[in-house]
Each structure stands twice: as structure tokens, then as C-alpha cells.
Amino acid sequence: MIITLKRKATKQEENKVIEKIKKLGYIPHISRGVDITIIGMIGELAEKYRDLFESMDEVDHISEIEKPYKLASREFKHDDTIIKLPYGIKIGGKKVPIIAGPCAIESKSVLDEIAKIVKAGGGTILRGGAYKPRSSPYTFQGLGEKGLKFLHDVGLKYKIPTISEAMSVEQVPLVSKYCDIVQIGARNIQNYDLLKACGKQKKPVLLKRGMATTIKEWLLSAEYILSQGNYNVMLCERGIRTFETATRFTLDLNAIPVVKKLTHLPVVLDPSHGIGIREHVPTMAKACLAVGADAIALEIHPRPEEALSDGAQSLLPDQYKKLVADLKRIAEALDREI
Amino acid sequence: MIITLKRKATKQEENKVIEKIKKLGYIPHISRGVDITIIGMIGELAEKYRDLFESMDEVDHISEIEKPYKLASREFKHDDTIIKLPYGIKIGGKKVPIIAGPCAIESKSVLDEIAKIVKAGGGTILRGGAYKPRSSPYTFQGLGEKGLKFLHDVGLKYKIPTISEAMSVEQVPLVSKYCDIVQIGARNIQNYDLLKACGKQKKPVLLKRGMATTIKEWLLSAEYILSQGNYNVMLCERGIRTFETATRFTLDLNAIPVVKKLTHLPVVLDPSHGIGIREHVPTMAKACLAVGADAIALEIHPRPEEALSDGAQSLLPDQYKKLVADLKRIAEALDREI
Amino acid sequence: MIITLKRKATKQEENKVIEKIKKLGYIPHISRGVDITIIGMIGELAEKYRDLFESMDEVDHISEIEKPYKLASREFKHDDTIIKLPYGIKIGGKKVPIIAGPCAIESKSVLDEIAKIVKAGGGTILRGGAYKPRSSPYTFQGLGEKGLKFLHDVGLKYKIPTISEAMSVEQVPLVSKYCDIVQIGARNIQNYDLLKACGKQKKPVLLKRGMATTIKEWLLSAEYILSQGNYNVMLCERGIRTFETATRFTLDLNAIPVVKKLTHLPVVLDPSHGIGIREHVPTMAKACLAVGADAIALEIHPRPEEALSDGAQSLLPDQYKKLVADLKRIAEALDREI
Amino acid sequence: MIITLKRKATKQEENKVIEKIKKLGYIPHISRGVDITIIGMIGELAEKYRDLFESMDEVDHISEIEKPYKLASREFKHDDTIIKLPYGIKIGGKKVPIIAGPCAIESKSVLDEIAKIVKAGGGTILRGGAYKPRSSPYTFQGLGEKGLKFLHDVGLKYKIPTISEAMSVEQVPLVSKYCDIVQIGARNIQNYDLLKACGKQKKPVLLKRGMATTIKEWLLSAEYILSQGNYNVMLCERGIRTFETATRFTLDLNAIPVVKKLTHLPVVLDPSHGIGIREHVPTMAKACLAVGADAIALEIHPRPEEALSDGAQSLLPDQYKKLVADLKRIAEALDREI
């Protein structure tokens, strides 16, 4: 349930409510507006304490959220969440950052080469996989911690925030240590221990929708992270699985306005995985911007034929540069900025 | 197979080839470029006559198309097909016409009221269903020919081309008589007799993709129309059926760049049916424009709560007006025009 | 709404109610039990006449059916519908007829050869397509009326009822004239004019579920036929389209117990189309029997490599014979009979 | 690649080949037949050592497997894998064990009550979840290790092997310690670290197919377990996600004959999750048996309305008893045994 404190409640009054919540064994989730503070007290049996809080002087009113996800809902937090990253980059506001980089980190020199292209072309966040979820146990599985170190060093050199995927609970502290955003991949959308581990560390989390995940399940998976106290979660659509095989997945752009109405969390779009065909990525990236993306993730590689993973969908440097320039023009017409 | 005539072949030389094709029992499909004319001779056993044509002086060379659709393919016709409608409207070029109107024609006065809104708001083609494919036999099935007459009269009054759906072979001549475009609905995508009937009349045809139709099957259904000699076919994506139930269908925008590479036919997008939720139609319409739509179809209604069909997805007049204005700005950034 | 007459109502009393329904412009749908007769009066506004009928002496009570399909529902007719065919064959009871034959009728001699195998192997209904719905306009489209005549003659010779598909309104009277069952294919599940045409003729109809048709839509399509007065409709599951491409379709056996609970209509299963791989058809046929099929449809061909259509899924004569023998044993364990 | 030793190779000769494989840094996978031993040497670059092994006297010939999964393929091991469990229970042979129990373990007394019913009704393996993957973080998540202990004790008391799910790497040693089979749930089908952890412990593993997992991906996930040296893997189909919402999932019975042809691993079927509607579970269980299940998993509960999870699909004790009796009759007709 959501406890709305009376207007202009003092810090002391706020603490009184928070302490009571903690004493009952719940975690208080606090959201402070200009005049009003609301506190979420969420859990299977929270509602039975409703009377207890309703009778407190500090409390204005109590409301219940019918949706199975609570902290992720617009009912809990009306305004868009804006996630702050190093170097002044933000996700969730008027500006739409471009997240770009290789699918997998292959070597420090290739990563450095790509980072330079990313930055020069207008990208503001550097991506690169150190742990790669591969359907076959016999294909390249990533450089591991060594790759994360490369990403960290190259990010520092080019002053660009970084993102990389954690595939297991043990990898979370490593990715969290070296990177600015921890990514959860589509295959782990319902790996609940991993979600909880991400919720317990402090870095923002990018949560990719699974290939057969409904919008409701996606928000419930986000709720797993939020419920541990980490509110900096962004959702990422990267394509669902349908009967159509002409494209790698079906990028579900329909989901974006629906999700943005249900939740305050920013939504990132990944056209590279969504269509999986290099020459069509720019067209889809434009549609992603038009549909309301808060950030766009692109795979780029200077020599895709040598890439150790997903070469077929990686943009060439020149395609990338032209695309970002095109996106800048379109963003303006949409009252946004790249 | 595709017979390419030698450069600057005369009308007489062309006829010699055409006559030979006809004598063998095939229909010649002619596509004239600036300098070069190519003639399609298509059918299950056409290839066995290859030598015969290769040896003619008028012929430059013969090529075979591996794809199961021939006339619909870029191999047969490289340049985009541009479909010409009354009042100077074209589908397939730089301009992106807005097709707007009610789902079903309810009365002449309501249609007139809507047509005025469509025209004033920047729309250039008037839609309205006279025959409605309804899953239940007990719900409103449309006004029939009376509705077509209303559409015809209102179209004339506002000088705006019109489009309406034919659901059966018998309805084709009626829709063809009263309207400027004959629409085939998603449920009839593999109603082959209906496709052939549309191929035999002269009006342009809009062919909606079925809810479980692959891109390949969609183009093969277009081929059924083209193979009867009507080359003015436009494809229309209106949403596929997936596991996601938060939206009515999943608008498959991924399909657009793929289809536009495979075929020269223009592609229309229908965000109203695709998402099925009024408030999200404008966002999706913008994505449709960005992804390369050659026309955008919108349902509008001044009083959706009174609409006899699909009220939940019909835009209100003000939403429509604002949307078209927004689309104009975005079109410019995409080097297109509304 | 459903009008239940008082117990043991006379023919005269029944007629009084029927006449009133007709005068109001509705078609009465009559279902006679041992003691009780119920009459369906169905249509968009039927419920407004409820009081009028409730006050009649002949009427016991009125009930409304909430489901969008009425005549197809168990609420309208509790007992299983049993469809009677020539030569004493029935579909819907304890016995499970085997429908077998080629995908397409190719010639009279091949059909004769196959009919002999069908009969000798234990099959009781002969199938064969004269009109073939093909996704490409350039492939074999069936022998047409000539094929229907072959089927009729061969059926007579071997004293076996026959079934063939009608793809368009014009073909319905022809199929109805030559065959004992009119088949509607999966692609025409929402070709409403075709459904109505089948509802107006007298022969039983087999209605195949479309590849993306929900159970509700399937029953609504059956309702289109029933609402025209033809109550001898059987449903046929033949595979839905999913993300899995290792099989041609996904045979939705889950749907069978669900559908059989909702409707009194018999359900036929078509494992040949459902999986599309010859060697796996027998295994799937056994599962079809176990899941409650009222008839099983099989494609067979003595020389599949020469078949003009769907050779890859046709059983060889020996496979067919062994399968029917196996099914007989399993049927017994299920308290049914082949 | 697959190294086939010469017929009747001695243990010493075998060791020579094994040592060479180990020295090159690969894990040898050994499969011994009556006369012939074959050794898998698998990994991204194994093929480059082909010549080296081909020239050894101990080696008869080398073959490569084109499929992306190797150890799971029929090419690597032709005969069906039979998994041996305590109390003489086997999965993969003529006998089809019934795996039954509650969805979640709720208390020792309820589990004991259910185990008695399972055993008395003919079930041979006891299931029960101690760790429950739940889409909402706010619903019952299972009793954890305490639940595993209950399962262990009750299994001992009734002399029945047990199975429970591990959701994370840390839970694997616990489930492995207390239970006879470690289950991987559908949501973790591509949780590769979890798969590897299961491959490193010794207990048999039941691997559930994910709701959008292709057959190929399913076998590749099995390969992750096999590649770590644990060959006792059974696959479990429990329903895929499709457009149909009348049932919880679509149980993909089509997949069973296809999978059984590709792999030697036994296949378990779970009709309870697949359809999710209690009254239809018995019908689906019969179809599962007919389609070739090597074991059938059923949820049962004496008071489903009190169950903490999945009550709607749990069979009542009497339904369960009758079902097993029915299955025994059908099994006989299929030349199998319950």
C-alpha cells in the first residue's frame, strides 16, 4: 500500500512512519515530491496494517495499488524517473542518449578503436559484453573480468559511461565495480536471484525484456529489482519471438506507449537485436526514436566480418555516423534531443 | 522468367515478343523503363521456352527469378511503383497521404461530417467500410451497397479519393464501381478467388496482411492479384497476432524495411488496428512514418462511443488534427511530405 | 435467447412459438430432446422480445446465453451432435472414423488405387482435394469439377462417403452435389460469405481452424454456418502457427478438451497437416485419438514423391495399414472404437 | 568430433586416446557399447586435431557432427539413455513412471499426506517445490531448505525417489543433497551458469523447455549440462506460449516425436502446467502417454483451494487414482507399462 504523508511533513514526522514500517518487518520505499512525500510499504500482507497507519497524524491517506507491480507503477510514482550517469549523462529526460559499441569485447585495442568512433559519432554511452550468453556451450563466451577492465579503462579514457551484462549472481559485483550500468539480458528476465542481486547493488540496471515476456511480467521482473531498494531501473525492448522468421525477432514497438503509461521507468530500445539485419537497423532506429525511446542501443563494429558475435547486425562506422546525424534531425521534430 | 528487350527496342519489336508469349498461352507482363523494356512471362512451366526467346533478335537477355513471387519482386521491377489516384493523389512517392475515416459507414450525415474533418485536418483519402467482416454473425455487418453510394457521393463532394473493403467476389464489382481503391481485409489474405477477382478489375487494390501471414505469403498473395494484370497493388501492415495481449495486435514495423527491399509495391501502415487503443495511435503513427510508410491509415470518429464498430481505437477530431500537424514536422526531418 | 417449451409441448404449441419468431424477422433454431424442445431465437436484438415470449403459455422459461456463439454452445444443446453420413457412417459417437485419401485428386486411376487402400486398411471416409488453396498462383491448383466427379464415382464404387474442400461461394453447390461432406479450409475460416453459403446447403460441413484462430473465433465461425440452419458442422484442428519451425505447424491438442466442453459439435483431428512430417504422423495420430478425436484425417499416397501436393506428409500404404491397426488397439483401451 | 575406437579395444588402448584428449585441454566424453567404444572430443576447435587422432592405431575412424549439439545427439549415442533412480525406478525404458506431488511443499504433514496418495495411486516419483520461481516478488516463494528436508524425509519414509527445482547456482548443492533429481525450470532454460552447475553434480537433471524455446535451443541447453560430464539429463515439455489464451500454455506434443528422433535423452511430459485447467489434465495425460512420454508429471493436492501455488491445475486424489488406472490400460495398448 502507498502511504501519503500530510503536506510539508517534517523529516521527523517522516521518520516516525518509516520506523513503524521497519518495525513491522517491511522495507519502506520513499518517493519525495516537492511538497508531498509518499512511502510504499509493500508485501503480501501489508494491507492488514492499513488501519494502524491511517490513524497516524503524520499520514494524509492510504491507497492500495491493484496492479501486481507496485513500485514500478505510475500510481506509486507519477513523474518519469530520470537516471543520472557519470559525465552528466541522463536517461529518462528530453535527451535521448545513444548507447553504442560492439556486441562482445574482443580486445582492448578493438574496443578503444570502437569507443573513439562511438564518441566521435555522437554516442554517449559505451556498451560491450564481457560475459556472453550463448545458446551453444561451444562458442565464444566472452573475455570475462579482463573484458570488464578493458571497458572500464576505455570508458575513463574517452569520458563515457559504460554498460555490460551480468549473467549470474557472482558476476553482479564485478560488473557493478567496473561499469556504470549493469545489464540483465533477455534470457535472464525471470532469473529472480539475479534480479534481486542487481537490486541490492547501487549502479543503475538495464533490464531487457525476454523473447516471450508479457508487458506485465516485464514490469514484475523490474519490481524484483526495485523491491530491493534500487530504483534506477530502465527497461529495454529488444524483440519478441513470433511466427515471422524473415527477421531475427519482432521488435514490439506497440509495447512502448503502453509501458510508458504503466510505469515511470525509462525505456531503452535495441533495434540491432530486434531486427538482426544490419541494413535495416537505421530505419528501425528512427522508428524507435519516434515511438518514444529514452535511449537507443546500437551495435557497431569496424569490421563486422571479424566480430566474434552478432556481426550480421553491427553497423559500420559510417552507417552509424550518418544514422546519428539523421536521428538528430528527427529528434528535433519530436521535441527531443540526441 | 524475365525477358529484357535490347535497349531502345521499337514498339514493333516489342510486339513481336508479346505475340509469341500470348501464342504459347501465357499472359505477358510489361514494365517499361526509360530505355529498357522488360517483359515477364510467368507460370509453372515458362522456363522451358527460355531457348526460344533467347534466340530472338529483339531480346537482350533472359533472367530467372528464384523467388516464388515474381511480378511483386524488385528483380522484376526495380523502381518503386507509384499508384495514381483521382485529384492528383499518389501513393508510393515522396508524399505520404493520410487515409482517414470511420471504421464502418453508419449514415450519410455522419460520413459527411467525418469527411469534412478528414479534409480539413490534412487527410487526402477517405476510408469507410460498407461490408464489415465481423467475427460474430450477430453483430452489425455494414450498410452494403447503400454505404458504398454514400461514400461515393461524399468523396465527390469533398473531392477526395475513397477506399472500401470487398469481402467476396460478388462485392468486387460494386466496390470497384463506387470507390477509387478496393481493400482486401486481413481475414481474406488467402481467399484466392477474391484476390483473382481484384486482379481482373482496374482499380488499385490495398492488400492487408493477415494476422499470421509471413512476409513471403503476403507477397505471394499480392502476386495472385498482379498475375491477373492489375499492377496497382499496395500492401498494408495492420498488426500480427502474438502472445502479447496488452495490445490488440502487434504492429510488425520490422516487416516494413524487409518488405520494401523485396518488392517495388508501396506499403501502407494502419496503426489504429495495429495497437487498438486510441490514446496510443498517434505515437504509433509517428513510428509508422519513421519506418517508411508510403501512406498511413487512421480511423477517426467524432463520437467514438456511438460508433457501430471499433470505437475504442478511433481518434477524436482534435487528436487527428494535432497528429497530422505533428506528422508534417516529422516528415520533413525524414525528407518526405504529408 | 433460448426458449424452452413446457414439457411434452404438442406440435401445434411448438408451431405457435415458431410462427411468432418468424413474424418478428428471426430464424427459429429448433433442438428436440426426448421430452423437451428448445428453440433458439438469436440475433443482435432478440433479447428485447423476452417478455413477449415469457408470457406465452407454451413457454416454460427463457434463458440467455452470454457466450458470443449461441447455437454452437453446450448451453443451447447439451448432448453431443452426431452427424450421419451414407453407408451408416457416423461422426460424433463412440466410433472414430478414419478419413483418408490423397491431398489432391490427381487422376481417376490414382484415386481409385488409393480408395482401395483406404477401404482395405480400415478407413471409412474418402478425402481428396479438387480445389487446392495454394499460396503461389503458379503451382497446381487442382482438377476442379472433373476431380469432384472422380471422387463421386470412386466413392460410389467403394461405398465410402467422400469429403472435398470448397474455396469459394461458387464452388459450394458443386462440392455439395458431388460429395458427402463440404470442407472449409484453414485459410477460409473467416471468409464469412463462404461460411454462410455452406450454412444454406444441406450437406455436413467440416470447418478447419485457421492457423491463428482462437478457440472463441473458431466457434464463432461455426456459428456463421449454424445460424443459416445447417447444424451438421464438425470442427477440425490442423495445427496453429507458433514460433517453432521444426514442425510445419503446432497441432494444438490442448484445444480439444476445451472445445469439447464448450460445444456439442464433433471434433476431427488432422495430424498430417499438423506436424507435416510423414514419419511422425502415426505417433501424432495416436495422441489425437487419446485426446478425444471424433474422427482422424490422414493423407495417404502410394507414391508420395509423385504427389502433386503435400507429398512430404502423406503416409505410405503400409504405414497407414499398420497405424489403423494400432489405433484399433488404443481405441479399445479408451472405450472407443475405430 | 566423435572418435570411434577399433572393435574390442582394450582398456589400455582406450586410455591412450583419453590421455591424448586431456593433454590437448579437452574433456573426453565416453560412451561404451557392447563391442564398440566411442569418445566425444568436443569444443570450438576440436576438429583441427582430426589428423592426429586418425593416425592412431587405436582409432577406427573419426566423424564430425554437424548439429550444434553433439553429446545430446543420436549421432553421438544411438541407443536411448535410461536413467537409474533409487528403489529400482528407471526413466527412459518401457516403463513410464508417474511423477506426482504438490506444486509447492507447504508443510511436512501435507507433504506426507500427498506422498501416501501418490504411492497408493501408482505414482513412483514424488515431486514438490521448495524454491518457487514466482513472477511477483510479493507472493509465496517456497520453504527453501526446510522444504527440501521434508521432501527427503517423506521420500525415505515411502521409499520413493524425489525431485525438486533449483533456481540458482547456490541452490544446486542443496537440491542435489536432499533429492534424487534436480529440476531446472522453464524460466531458467538459458541460465547457463545454472546449467553448468547442474552438469558438475552427479544427480540426474530434469530440464524443462522454456515457453519460447525452440527444439534446437532446448537441446543446446541440455548440451550445457552434458558437456560438464553429467549425462543423466531428461527433457521436459510443459507448454509453449502462443496466441491462444483459453489454455495457460500450448502443450507442444508435436515436439515429442521430433525431439526423440534427434536425441537419446528421455522425455518427460507435464500436462498440468501445459493446459493449466484441472478437469482437462487427465485427457492431456492420455495424449502425453500416446505421444511417447517416458514419464508423466502430475500436480496433485487433496485441497487445491488451500494450495499455496497452482491450485487450479492440481488433480484431486480420486481424479489422480482414476487417471493412473486409465493410463495403465492405454499403456498396454501402446506396448508400454505404467
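Should a chain be cited, it is by its letter among A, B, C and D, assigned in written order, with residues numbered from 1 in that chain.
Heads up, the rule we're going with is that a contact is a pair of C-beta atoms (placed from the backbone, for glycine too) under 8 Å apart; a residue touches a chain by one contact, two chains touch by 3 or more.
What you see is a predicted model; the values in this text were computed from it and never measured.
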Margin query: I'd like to know which pair from A-C, A-D or C-D copies the A-B interface, where a copy means over half of the contact pairs are the same by residue number.
Written below: C-D
Notebook entry, point to check: Looking at C-D and B-D, which pair shares more C-beta contacts?
Noted result: C-D
Note to self: Using mean CA coordinates as chain centres, what's the gap between chain B and chain C in Å?
What the structure shows: 34
Next item on the list: Could you give the separation in Å between the centres of chain C and chain D, each centre being the mean of its C-alpha atoms?
Entry: 39
Check: If you average the CA atoms of chain B and of chain D, how many Å lie between those two points?
Finding: 50
Note to self: Can you pull out the residues of chain A that are in contact with at least two other chains?
What the structure shows: 212, 241-243, 245
Next item on the list: Examine which chains touch each other and state the graph shape they make (line, ring, star, complete, other).
Entry: complete
Checklist line | Complex contacts: residues of chain A adjacent to chain D | finding: 42-44, 68-70, 133-140, 167-170, 187-188, 190-194, 196, 210-212, 217, 220-221, 223-224, 227, 241
Margin query: For a test of understanding, state which residues of chain B touch chain D in their complex under the given definition.
Written below: 212, 241-243, 245
Item checked: Residue numbers on chain C that touch chain D, as the complex places them -> 212, 214-216, 239-240, 242-247, 249-258, 261, 274-275, 277, 279-280, 283-284, 286-292, 329-330, 332-334
